[in-house]
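First chain written, first letter: the chains are A, B, C and D, and each begins at residue 1.
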């Protein structure tokens, strides 16, 4: 995929890691990249964010695990993953040969668990960096790190101490003020933030008179429905953070991605759209490059909105 | 098999390698009783690749996830694949209104289908309602290999029965049962099983989970247990193994889940946890 | 509209106010009821929640004020309203003749402003109660009362002291834990809560490289897109509150309304759906009554989900 | 007028009283150049009620808000209403694919239309691109009252021009301008105004905000100022006065906003704040 002449589509996201372009794929929507690699569907990507990885293998939540909603979907996968050991031994070596950096999405029930996952993978060839998932709404206590600035900072600082690789922290949108959390993790050493993870939601089965998904019935909402909220979150973060922001939420087209860049993101991650269209991220990238070409962009940040010129209310 | 082993086993074996993602035009829509219909699309290469029990993900527009449907027919000569569908919700109702020439996106073939005989013998096909969907294609393949095929066609009422006139020619035997008795015997599929199950080299079943669970209860202790293959449904996010949404419970506690889209949708009945499957809503929401 | 025999469709929401049925219309989506009354479109309603009313008339925000999103809409009306004086003199007397209770949605920039609106309308014929909008995201400081339990409680307590009429408090969903706020306002004397108001969102114009809506570009997201989140909020509130809950968010059909009753709401408010279909609330009610009849419901609360029977994760 | 006065004035005067909310079948779709089309629906009672400058809210399904379109024709004899539409986005593109017999929901007539002459005189109609939409109906009414009607038809390029062959017969004069000069004079509408504006008893204009603002600038100081009526666009949530979304700025600071759907979409040009209107995005998003 060629870029427009005199246009540098790359995006630095910290510690020397430069994405070739601003289109990545979001954790949990691309597995560990192996399915897509087999299809030849990874070469164009700016980065791959792996499925959330924990110390021990996790079987995940009992089914059903997903349900569709208006312009969105709910998931309660429950961090099904083969555990860090298998990721280290089987997946990382494969990633080492790929032309795309893979950042491992890390989850845990305690600061110590986060650190153990990071330490095990640190400096392994194939692991380009980490994305701390302090915001997964699907496991007990998963929320706490993401909703309290102190806890978010502690988790970030501990991971920071365990690696020299780029450290991205993925923020929860289920908070009163996302900027407060963003600020805390920037101070604690995050190289970038991802915004956002899924929104807490529920689907009800009227026939069964209970939630569709098991247990408490809550799950994470993603897809086009959340884009307006995620854009607002990114714009809010841009006001207070100096580090790069990876915008996430309902990106399905180049326009969506470019809107995130306007709102203040440095790059985007394509999530749910990968499910309905396995080549979504490729189309997003192609459209973005075409836009840059036709608009004669100098760099992506030319697109960025610099804030309101005038007062907010009339 | 532990979760980790399952993941390791899946390494590199991508179902997507043989799947096509293409726009396909509707060539024919056959409206059947009630909200049932058979719809065909022009997709020659997919028609060549499709195996019985495999499925395709259909996409009618950007406002929804894809929906999985088993191939009910695949005709490499005409270049078409067909699906037997019940209009139960948003997308299936949209599909029922398709006109000739209108396109949808098809992603497939996906999944692991039915295992086929190495040498001819006798097969029993047990269809519950919409569960008949994969059987026309399966019967085609079996008959083509010289198999003697018995088709037991069941449903709650005649309107939900797979249309007898569409049953493939050449079946060794066919019988119909409806729960309300208005067509064929008044019985559930599981109550109408042939007495001599041991005569069958293969038993294939597809239908609502409670039917399959009841079937397994009947067969699990007998000699036919190891010969039963079932096609299972699970709500799917992607259809190709990345969302982990389509979990199907495996029996032993540590084993966790199989992915319906990748390790299924057809499973040896004995490999699944029927206790948990039975409790799962028969008709998902 | 007839109810099934032996079925009582009414819903008490506190202080002796009993809605004839659980289908109301949401503040800001039905004006002050006058347009609909002229059309004969109010007689079926359980209640009308008026447009947000402030002490002084407000011209509202400068346009554009609305934008469509995937399965939702953004609004930044900015509480345009004619002020409490006109509401008291011109509207309330008309409401007094209506067969439907009208609750006035109250907004303000300080506790004192809320109290002044409530005091002016208290005991006026035609005013059946109040809904405190402590959650409007569209005016400066509007958010504060709704996002901090202490402030929410103070505002509620002050309004409580100013009236004996039913007092409903409308909660903001833009918080880390809505139950905490709900709890605070129940303790402070709220008779019921409405959940939820709009979610903070933004739409970007790629062509103009800025938000579509003026000022900071943020606005309130409503419509079907938010239903899964609002249902989760209602279910969460049901766990901790004893007072009635009015469920709001994306109700456009009887199924939607009944889902809220399953999740734990006592009644619902139809909002954005009134715009695309002026008879939406009538259809919602008819469908609900038909459902009650066909299912042989004894009372609406038969529908309510009582919580998970089993552990949340497998 | 203050906000409070405006509200009081509106008391009880509901536009919805005379609006119909009905399902109407498409009777004809005339595809024009580029993405323009004229679509007609069978809605006899609405055709009788519609006045020039009024609009209807069209709804094609549950997944979007209604969209406002001015009546371009209303034919009580045939029982149809028509709209002249540009396919610019989701709903208008969907409308362009309508087939005969397919239904949409129509809510209307809504809004305040053009004021009509008590006794015949001369009218000037200034159409910018899609702004021509309400003028066929307006011309019908004017001509029916014996008015002499001059139609100045402008657009960026010929493809965006209201099709000359659709212009109503009986116009006193018509002229075309395109900005690129490929059809008619190379000019903007505002540059091609007749020299003697004072001869016109009424001037009606509809088009992009910048065009209307430029027009007002030209006319505001002259004798025609009080005779100019403009049809304005604002994004609409409801179309009938309850969402308060369609605010149009009024000139003096305290006056606040008028509602486009209820006090408009047609306004005396002098009643609006052109300074603020001009700054508003010409093409809304």
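By our rule, a residue touches a chain if its C-beta (ideal position, glycine included) is under 8 Å from a C-beta of that chain, and two chains touch if they have at least 3 such contacts.
Computed from a predicted model, the values in this text were never measured in an experiment.
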Q | Contact distance in steps, from subunit A to subunit C | A | 1
Q: Compare the CA centroid of subunit C with every other chain's and tell me the farthest one.
A: B
Q: Averaging only over C-alpha atoms, locate the centres of subunit A and subunit B and give their separation in whole Å.
A: 35
Q) From the C-alpha centre of subunit B to that of subunit D, how far is it in Å? A) 55
**Q.** Mean-CA-position distance for subunit C and subunit B (Å)
**A.** 46
**Q.** Residues of subunit D engaged with two or more neighbouring chains
**A.** 63
Q. On subunit A, where are the residues touching two or more other chains?
A. 59-62, 70-71, 203, 224
**Q.** subunit C to subunit A touching residues, read off their complex
**A.** 59-62, 69-72, 74, 78, 138-140, 147, 174-177, 199-204, 206, 209-211, 214-218, 221, 223-229, 231-232, 235, 250, 255, 258-260, 262-263, 303-305, 307-308, 310-314
Q: Can you check the complex and tell me which residues of subunit B touch subunit A?
A: 2-4, 6-8, 11-12, 14-17, 21, 59, 62-66, 105, 107, 234-249, 254-257, 276, 280-281, 284-285
Q | Partner subunit B, residues of subunit A touching it in the complex | A | 28-31, 34-39, 51, 57-68, 71, 73, 75, 77, 80-83, 85-86, 90, 203, 205, 207-208, 212, 224, 252, 272, 274-279
